[in-house]
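Structure first, commentary second.
Here the chain labels run A, B and C in written order, and each chain numbers its own residues starting at 1.
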């Protein structure tokens, strides 16, 4: 197992390097001079060629591209992602400040997705073909086909503006987490419900299930007892992917609910061309996403020893 | 099963079987009907729309009425006409983005799977790196670089969907290329291009079609999300995401402005998902839809 | 065992309830303000930042030398007395004695001098305050209460600058890292800076040693509020509702369409004030086609109907702004309103005349326009920070005329970058001040330079000469006379497309007492405010 973990970690290194290269390359492709943006953006005032050159020197923009990339990677390894143009604070500081709120939202969303999606999928599988199945699947399709922002707006309209149950904006409190978490969670719940249903039905056709049925066990009981356990593996993988989708979903959700999270920070920084911040925040999220998927893979290997050796 | 594709007589029956399986799912049929309706709407938009989508035809923020079935928007434009014309934009975003991502992803996947070796290593690592970004983030990176517009949004969403195809196609090609008939074709002296086109591509098209159908739905969702954030279509384009974004200021007083474009997206995306799932179970009998 | 557990649980619940009730009694004097996210400043240092919202937030943390009172007169702030020499070159201020900054540093003439020097220092890169303070030739202080400021040329508008210029503790400025707002924002005002969570809120707490001696305070001593939290809200639908949902006590800049939600409800008070200034204007880049031709520029003004836009978008609650200064500005030139009535026919004739003829599909294309290839469609790009809906109405109004108005929404830094590169056609620009000096800033071609605010590329020595005099003339009527002459030239040349002026609507719930709006909508006073339930 230890060798497997080490192997997986090593595989991560080239991917991370490529990810950083993509982020770096995209930011260098941008039109406009980051130093000029920095001067006109945050400080205003007189922009002289001398000040511009001084700043370019200071930001390392006069060095060859390869050296700039190296500096970027070395800096990133030490947790230095440069300074935000707009806020004039280290990017790392801003990211860490916001990540808590985003992580909280993504976890709450995942929790709701499981709590809602699993029973929905299980009930549908148990009642396969009946009207309950159709109802569950209709709900699941609606859930996973709604635009995130639209669902968020509807929830605000009903639960905040009309019923006054939950606040419509802001972060920091449990009440403020509920609507955004539902917005995110319902979407993943739909995907999850369908996955669980089809995994359980697939398992139901396998040999040992037939044996169990031949032994006279009640069909629904079989599905629950055996099907669920075996359906867990694909579901677990899917949850890793869904967690990434949830992290990404926070981009829109945080904007709708004015939550001070990483997603909203990225959107704002793209709109205001705060490139160091865009670069750092996206790199950070990509790394988090990779690590979550790694953790899922490891959990997967623990559950199913065949994976380790098969690889 | 793979060898059968060369024999025309033998393919007819699987196709009919697959169609039979497809049309036995009510969900898949409903999805197809919705999708066909929307495609007709995009084609006949000028005939169907009662008003010019960009003209201020009436008082602003009027509730749905006989004159304006879905009400009027912030400026007094007819919401129904804008939803109808918006289908052209939102649906083509989905199709074009998927086409862009699909074609480039399929090519990358074919090359990686077929040639193996360093070509595979380079392409696979690149695809792994793209997969490290959740799709909307990847689209955001591209938008950040190219600027906000509909064209750039299509490119961005296309790139965001590319890795899924590459991975799918590569895996399938790896499985197919060791089949005896591919070996045989190579021994007979067929060019790589011919082998790829005649023997391999033809055998991976089913999963690609399924994936593409499902992706159209998610591409429309990502596109609408980007427009909502101000990173996609710009006013006065009647794009559904942008329309919802513009109307949200008036959510309480004029719910219809944001709500109907959202319903439109919901119906198209559901239709794509239903059709995709239907195709999957029709083309791959092991996966039953129920 | 289980009984013990439940007993512990019970006492836990009881103590929680206790904490909650104690918390409530303390929470009574916390003012929570909702502000639009677009008002969130880039930095919070008013020495550097050119935004009204920065100065507003600064004014809660530090008192200025003079205060522009709600009735529009200058009253003593940290200065008790001031005067200017007859030639307008020498200003003398007498400061209050015995005051300190939040960090205990003494407030005196040396501290004021240190602040003014920091504003003017090139490395501070002040975006606007330095040019408002002007080219100070020298300063003299007696170290305590006497301060004299000398200019080489008359500088009659200093009070308008010092009413906004924040004064920070010199000791704090000397040691603070750039960007460390908690270290820099050490003032003399009623509240201390606590924290700024970007994209979310700014929190301030009462300074218990506040003297409360400026003329705006009704009673000496610390203020009645325990804390002030300013929450930035991105969604205007949410801005319209947060007061009703009880999430905040006060909404600063309520979207006009939401006002009828609160009007007539005795639980809420709505206050509205205009903002004298340029209004929400679109300035024209006269360097490149199609706006290099005055006929095209005039056609745009004739072809748009801002009153209609006001009705459509804001239930008519915005205010008219027909010229380079808006209609509520003390120096507004009334000729602006008559010069370009809505007249599609005249607009069409002007465009035909300029070589932009109606092509296929009703949109105009170039035919013999200098510097433009024949057949080029007539598009005008409008770049704006906000209020894009006005652009959308204009877009719809100009389309029948065959003009394609394209709208792009850009954030502040991008706007400045575009202006820097002269890469724009119609650009949103708004200055807010009851002083006519803003005309000089926006229209004097001397400020057509990097970092300057004169963007149009129009240069006219007559106009520049009139504008320059604004800084030297004392008499208000005479200055307004000059300002009107300047407005006439600007309108004749159609250098800007006037739209509307945005009033500031403030919504308060019944618990807020003693809130005072400034003379203009863009600032307010909390010195006498409290929360009472």
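Going forward, a contact is a pair of C-beta atoms (placed from the backbone, for glycine too) under 8 Å apart; a residue touches a chain by one contact, two chains touch by 3 or more.
Everything numeric here is computed off the predicted structure, so don't read it as measured data.
A summary of chain positions shows that the Cα centroid lying nearest the centre of all protein Cα atoms is that of chain A. Interface comparison, B-C versus A-B: the higher number of contacting C-beta pairs is recorded for A-B.
For this pair, chain A with chain C, the centres built from the Cα atoms lie 38 Å apart. Annotation: 45 Å between the Cα-based centres of chain B and chain C.
Taking the mean of the C-alpha atoms as each chain's centre, chain A and chain B sit 21 Å apart. Multi-chain contact residues of chain A, defined as those touching 2 or more other chains: 153, 156, 161, 255, 271. Each of residues 230, 248, 251-252 in chain B touches at least two other chains.
Residue positions 235, 237, 241 of chain C are each in touch with at least two other chains.
Residues 37, 42-43, 48-50, 122, 124-128, 130, 178-179, 197-201, 231-235, 237-238, 241-242, 245-247, 411-414, 416-417, 420, 450-451 of chain C are the ones touching chain A in the complex. Partner chain C is touched in their complex by these residues of chain B: 54-56, 60, 74-77, 230, 234-236, 246, 248-253. Within the complex formed with chain B, the chain C residues making contact are 235-237, 240-241, 255, 257-258, 261, 312-313, 388-389, 391-393, 395-397, 399, 406-409.
Contact residues on chain A toward chain C in their complex (touch as defined above): 32, 36-37, 39-48, 85-89, 94, 97, 153, 156, 160-161, 164, 167-171, 255-256, 258-260, 264-265, 268, 271-274.
Against chain B, the residues of chain A that register as touching in their complex are 14-16, 18-19, 21-23, 26-27, 29-31, 124, 128-129, 133, 137, 141-142, 144-150, 153-154, 156-157, 161, 194, 197-198, 201-202, 244-245, 247-249, 251-252, 255, 266-267, 270-271, 275, 278, 282, 285-287, 289-290.
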